[in-house]
Amino acid sequence: MEKRPISFYVLAAFFCLFVLFLYGPTITIGILSFQGPQGGLTFPMRGVSVHWFRDLFQEQAVGDIWGAFRRSLGLGLMVMVTTVVVSVMAGLAFRKRFVGSGLLFYVAITSLVIPSILISLGIGLIFNQLGLKVHWATSGFGAQLTWTLPFGLLIMFAVFNRFDKSYEEAARDQGATSWQTIRHVVLPIIAPSLIGVALFGFTLSYDEFARTLLTAGSYNTLPLEVFGMTTNVTSPVIYALGTLTTLFSFAIIGVFLLGAWVMAKRRARLGSDAGKGV
Amino acid sequence: QDTKNIVLRQFGTGVSNLNDVANKVKEDLGFTLEMTALDSDSVTQRAATQPDSFDIADIEYWICKKVWPTGNLQAMDTSKIANYDKIVGIFRSGKLTPDSEIAQGTAPHTVGFIPEPGAKTFADEETNWMTLIPTIYNADTLGIRPDLIGRPIESWTELLNPEFKGKASILDISSIGIMDMAMVCEAMGEIQYGDKGNMTKEEIDATFAIFTEAKRNGQFRAFWKTFDESVNLMASGEVVIQSMWSPAITAVKSRGIPCVYQPLKEGYRSWGGGIGLSSSLSGMELDAAYEYINWYLSGWVGGYLMRQGYYSAVPETSKEFMSENEWGYWFEGKEATDVITSPTGDKLAEAGEVRDGGSFYDRMGSVACWNAVMDENQYMVRKWNEFIAA
Amino acid sequence: MRTGYDLELVHLTKRYGDTVAVHDINHVFAPASYVCLLGPSGCGKSSTLRMIAGHESVSEGSILLDGTDVSGLSPAQRGTAMMFQNYALFPHLSVRDNVAFSQRMKGVDKATRHKKADEMLDLVQMSSFGDRLPAQLSGGQQQRVALARALITQPKVLLLDEPLSALDPFLRIQMRVELKRIQRELGIIFIHVTHGQDEALALADEVVVMNNAVIEQSGPPREVWGAPKTEFVARFMGGHNVISLNGHKVALRADEISLGEAGLPATVVAVEYQGATVALSARTEAGEEVFAVLPEDAFFKAPKSPGETVSLAWDEGRVHRLQA
Amino acid sequence: MRTGYDLELVHLTKRYGDTVAVHDINHVFAPASYVCLLGPSGCGKSSTLRMIAGHESVSEGSILLDGTDVSGLSPAQRGTAMMFQNYALFPHLSVRDNVAFSQRMKGVDKATRHKKADEMLDLVQMSSFGDRLPAQLSGGQQQRVALARALITQPKVLLLDEPLSALDPFLRIQMRVELKRIQRELGIIFIHVTHGQDEALALADEVVVMNNAVIEQSGPPREVWGAPKTEFVARFMGGHNVISLNGHKVALRADEISLGEAGLPATVVAVEYQGATVALSARTEAGEEVFAVLPEDAFFKAPKSPGETVSLAWDEGRVHRLQA
Amino acid sequence: MSPDVLGWLQAAPLSVVMIGFLLAPIVMIVIVSFWGATEFSIYPDFQLDNYAFLFGSEVTYRVFFATFKYAAITWALTLAIGFTVAYFLAFHVRSQTMQIALFLLCTIPFWTSNIIRMISWIPFLGRNGIANSTLIDWGLIDEPLEWLLYSDFSVILAFVHLYTLFMVVPIFNTMMRIDGSLLEAARDNGASGFQTLRHVILPLTKPGIMIGTIFVVTLVMGDFITVRFMSGSQRANVGRLISNDISLLQYPSAAATAVILLLTVLMVIGILLRFVNIRKEL
């Protein structure tokens, strides 16, 4: 291995501090989720137990964490799928210069930069004035899309900026229809990035608060539920929830990395004699 | 058999929107009650702007004052309420006992009745049409950490005592906070209010001037908006004196941290909540809702709430659901004869302890004002915003 | 195999906004010929090719394949196939699936199309690589696969846009032999765009030299190289000097010039060793630069260095008068 | 101008993990020489160059510039400068600022460094482009700027990694004349990595042929081309046939072979027209492929096509025995 | 099919969402900002009261100033941290797998609800929190630091915590597109590490910085919940003004503030967009 310059170690240390900073709350949450049964949300710890993890799976005094979780999951998946589909379509559209594409682009940028609370307020007002019912799956869904779609679109721009047009020409040359070209060539090639869009869409939706606040209707999504719970006696149960979420994410990402590693190994084995002989 | 399929959607703050209640309803009445717990702002909003999103609104009386004119709620026929006559006087005539004085602010009875179904204004006296069925109420005062203060606290003025600089807090809900402020200002003798519950613009300005000054001087550690924040502030020692809600004190104490709900010589600031029916409710659902209300007042919930330190609107029915020790401790202000526990089993007091502030009549009898929505509310709200931003 | 298709460009024009990339080209490509399209960067070679392939719309004119106008058809319907400069192999498909792609689009069942693909891989000598992904192949191998994929559609015309430019010189020479072999075997038209005149000369039955959006000259390589019509062609094809004689521009092959006792006096500017030969540039008194390609043994018997004076001699009969 | 620096590589080795990219190389580059480093892909040319430049650490051995070991110094301290294959011009700086970059790093004031930069731009004949951004230049122009930027540091050694490979053949020839001119003017060592043996022959005072991480042969171009030591060099330099004669491998120049009445019988495999010459490949009865480069006029007097039988003749004296 | 028609067909879903859930709400907000409000409802009207009050109040200016202050400070900090982190990831971490792994490591905390994370700052930064007790244990301080919590410090800390990643991603993205040979060329020309950073990397990273700036500035300017939680309700920004109004059912007044906020944000972004072509730089 090469010798690393000093700057590497300085920056690595800085990076570690940054990660530590990012994980500060996570670690605090992790520690406090093992509060004793009498403990609260703050230090000092009053005993150590897994009481709150058990408690998490029982009914809470107030609210319905798992119902909210299911809704958030459902909404997250809806938003995820929609974001992927709509962003891909829009990404394809933006590859050609169609009349008004510039305008639509700036609208999407506006959607990205508009303060969330305005969306929440505006949609709430419209539904209210039209006498429609706000519901997480309609107004809430729409409100979240105004946030995830521009991100999806930006990622698609990044993807298509790097996409070699000659793949499509080759497919057309081979007799593929426009749809076949997209289905058999474009989508498979950009698939890894679509996973990124999907993850992004889900995460943004899952943690969305401000845009859902006035648009969720009678049933809370998880962030709203957690917020609602804080109006009553909150227990370290929400920390237990946080800790489980973190562990779960670690597991997912671990699996993902493992998969990537195995794939790389497999490919390396398969192509080990590539380039030998013409 | 149909009632089993009925689902009533109730929302309110986490204070009374308890899953235990929903479970008990299912058990006793057979239908499903869906509970959604929200913060008090969202409660107001839902009630005012999303009439379709609920069947039953669990709200406070001052919220009722704001929301009623929207027509989102329907009045209830008192003749269908079995225990109507046993509801404490506060919610009917406004008087706890026939000779009590009516406190300032939005007292529950002033927004408790309407002249006739469909009316958007409130009736001046008891009628057959009730806006909210009272469910829960309490007298609030300042919570303190006696261990960190180390001397008796007797007056609301202590909130602004420079001794507690950076260790005081009030709550950031304007309709409630303004009343705490008024209690302080009045106790300090700085302002003589005509009616604390209905201040003039000048009174509002003067009140905010005093508090803004204090805020700039760093008197306050934080303002809290949710129950939870108040508990954390107190439990972690960030704050040693603040306006607080009774179960929050209980929550702090249950962690073994000394905390007192300090009765003060100027009296309490009180609040009350009740349940209202969505105007879209009709037919079987409406019947189920009445059934629910009657069940609510029949004692089980009352006992449940009283064992957390709140009061029930029909104390005598609740008595049957409490042990003698509990009734004595919580209602009568007697020494506990045995350990007092919360409904969930947490220990709240040892034998020999007495409730802060004494009996029901001592506490509710010294209410100085109610949480209020005043005529100048819009002005007050803007001033409040300015205060927060100052 | 198949023969007999000819391809004709009629008044073919391509405009991008104000730029005219291809200007009113007329040309007939003979059946079964290997044609090289040659010219400097930006002269419109790719545009022409892409119009024939159907990847670029025709601004004006038409493209006749075997007598029928195909300019309105989709790329796949035309009977042309294209091999891309960067190969454009689908990175997510194995070599076999890449080759079988067009069959799959037609709905041919797996066994059949794989059999067909393997035949094609045989043709390009890649049968043992069917299961690899493109990323696991070297440049030359990728190119063969791209060729197989283009040929499986049984095109009447194969279009190649700088097919060899991504390869190193060694591989380049190897692959051009290969291309020529396959074209001969199939007997279809290959149109091969290139920058390199050596490549064009080596491969082509017909060389088409383009410049500034038009065809400057076309014909068999020997004719174009041996008898360039214009100064541009003479210079571009290399190996020629363009000098003024008696007020006329003439072309003179560099290998026809010798250093003698008598002749045009000139000063040596540069000497480039080329292996079997040496290229010597010299500036005449008129200021024209003339270069001569001399056999190395002859040169090194009396080597010259920059700065020395030499006399350039040539056989008058070899001077070739240019049109422009 | 400056002269007199020599560069020596002593037991130079480069390892990447398990791969040995450069294996124990020893070589002395003579002062003021133009050296071409030649070899197939992956043989370690770039690694060698980058070690000299200081962009890659030395695994073992040392690099002596004018007698002092520079292998521990930073690129800028060594007195070497590098010109990158893709030019690596700073896209956000104007041409002048690109050239003046190193001066700016040293803290030279604006007027002085711009003056200096303009002088350098003069040298590469780019003075009129000083204010342009790199993106507004053609490939050849960018290359000149890159050259000017490398030379402004007054390096003792200029390192060029495939400097011409991104240019089209026309420009490539133009630029190589330019490179040679500048090297002559400055009198410093140029080490030029290339794939192309024609480029190496044309430019170099010394050709260094690498293969498999070692130097196979080095020397003046004429020596390397005319007397390859190994089969690899003979094949790689081109223009040679390697055939077995009496159990020995020998090299035979392709232009020494003629088609006669008598000689080695062989079957024509391919004929490539090259302009002034024609390359003919033929397979002998022993199965060896031999190619002959024939003057075109001679060839076309009696043209041969693939499949015909010919007799290959050569002068025995020109056969050159190989070491390996 | 003409590219216009096809383009619009493909962009139709996006357009529908944008029209229904972005443009319509904006129009609604603008309309409502002229309406009147009672305690509990809003009524159609055309009055300028809401704006008059907004511009008439000194608090508005103070709050807008505070909003810009938060945005500016957060921007500076996220930029400094984000740039450094991106630089490390892009130029010092060699394998792509490692880059992805480190990247994912940074995103994991974001899966836990923002609100839970915000609550957990309190035990960390509080008077008796981990930070203070650690510092006291180390003997660095005698008294707990009060300003760690419920202050501008804690607000900005939370912002930096939440939004630095939005700066890291685009900067990292542009850095990855810088050709390694440019850095070698700079070194070759005698640039020190810092000079390379200053004269080559920084200018070439500008587009990424711009995009990151757009994210961070808009997120901070539109926030209301972080300011409330982390300042213990003691500070306000425009978002809080709006959310307070909303919670008090003063929709027209909220709408008027929202319109001004929207205009401000769009102006800031408009200016930033002049320096960068987002579509090209991704």
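Order of writing sets the chain letters: A, B, C, D and E. Residues in each chain are counted from 1.
Quick note on the criterion: contacts are C-beta pairs under 8 Å (C-beta built on N, C-alpha and C of every residue); 3 or more make two chains touch, one makes a residue touch a chain.
Note that the structure is predicted; figures quoted are calculated from it, not measured.
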{"item": "Most heavily contacting chain pair (counted by C-beta pairs in contact)", "value": "A-E"}
{"item": "Superposing rotation of chain C relative to chain D, computed on C-alpha atoms, to nearest 5°", "value": "180"}
{"item": "Most widely separated chain from chain C, with each centre as the mean of CA atoms", "value": "B"}
{"item": "Rounded Å distance between chain B and chain E, as computed from the means of their C-alpha atoms", "value": "37"}
{"item": "Cα-centroid distance, chain C relative to chain E, in whole angstrom", "value": "55"}
{"item": "Where chain A and chain D are represented by their mean Cα positions, the distance between them in whole Å", "value": "52"}
{"item": "Junction residues of chain A - those touching two or more other chains", "value": "41-43, 214, 227, 230, 234"}
{"item": "Residues of chain B whose C-beta touches two or more other chains", "value": "42, 45, 49, 228-229, 232, 236"}
{"item": "Of chain E, residues touching chain B in the complex", "value": "37-41, 53, 57, 59, 62-63, 66, 119, 122-123, 126-129, 146, 149-150, 228, 231-236, 240-241, 244-250, 253"}
{"item": "Contact set on chain B toward chain A in their complex", "value": "9, 11, 13-15, 17-20, 23, 34-40, 42, 45, 49-50, 52-54, 226-229, 231-232, 235-236, 247-248, 251, 254-256, 344, 346"}
{"item": "Interfacial residue positions of chain D with respect to chain E in the complex", "value": "53-55, 74-76, 80-82, 84-86, 88-92, 101-102, 104-106, 149-150, 153"}
{"item": "Chain D-touching residues of chain E, taken from the complex the two chains share", "value": "179, 181-182, 184-192, 195, 199-200, 203-204"}
{"item": "Parts of chain A lying in touch with chain E, wherever the complex brings them together", "value": "4-5, 7-8, 11-12, 14-15, 18-19, 21-26, 28-29, 32, 41-44, 85-87, 89-90, 92-94, 96-101, 104-105, 107-119, 121-123, 125-126, 129, 142-143, 145-146, 149, 153-155, 157-158, 161, 203, 206-207, 209-210, 214, 222-223, 226-227, 230, 234, 238-239, 241-242, 245-246, 248-250, 253, 256-257, 260-261, 264"}
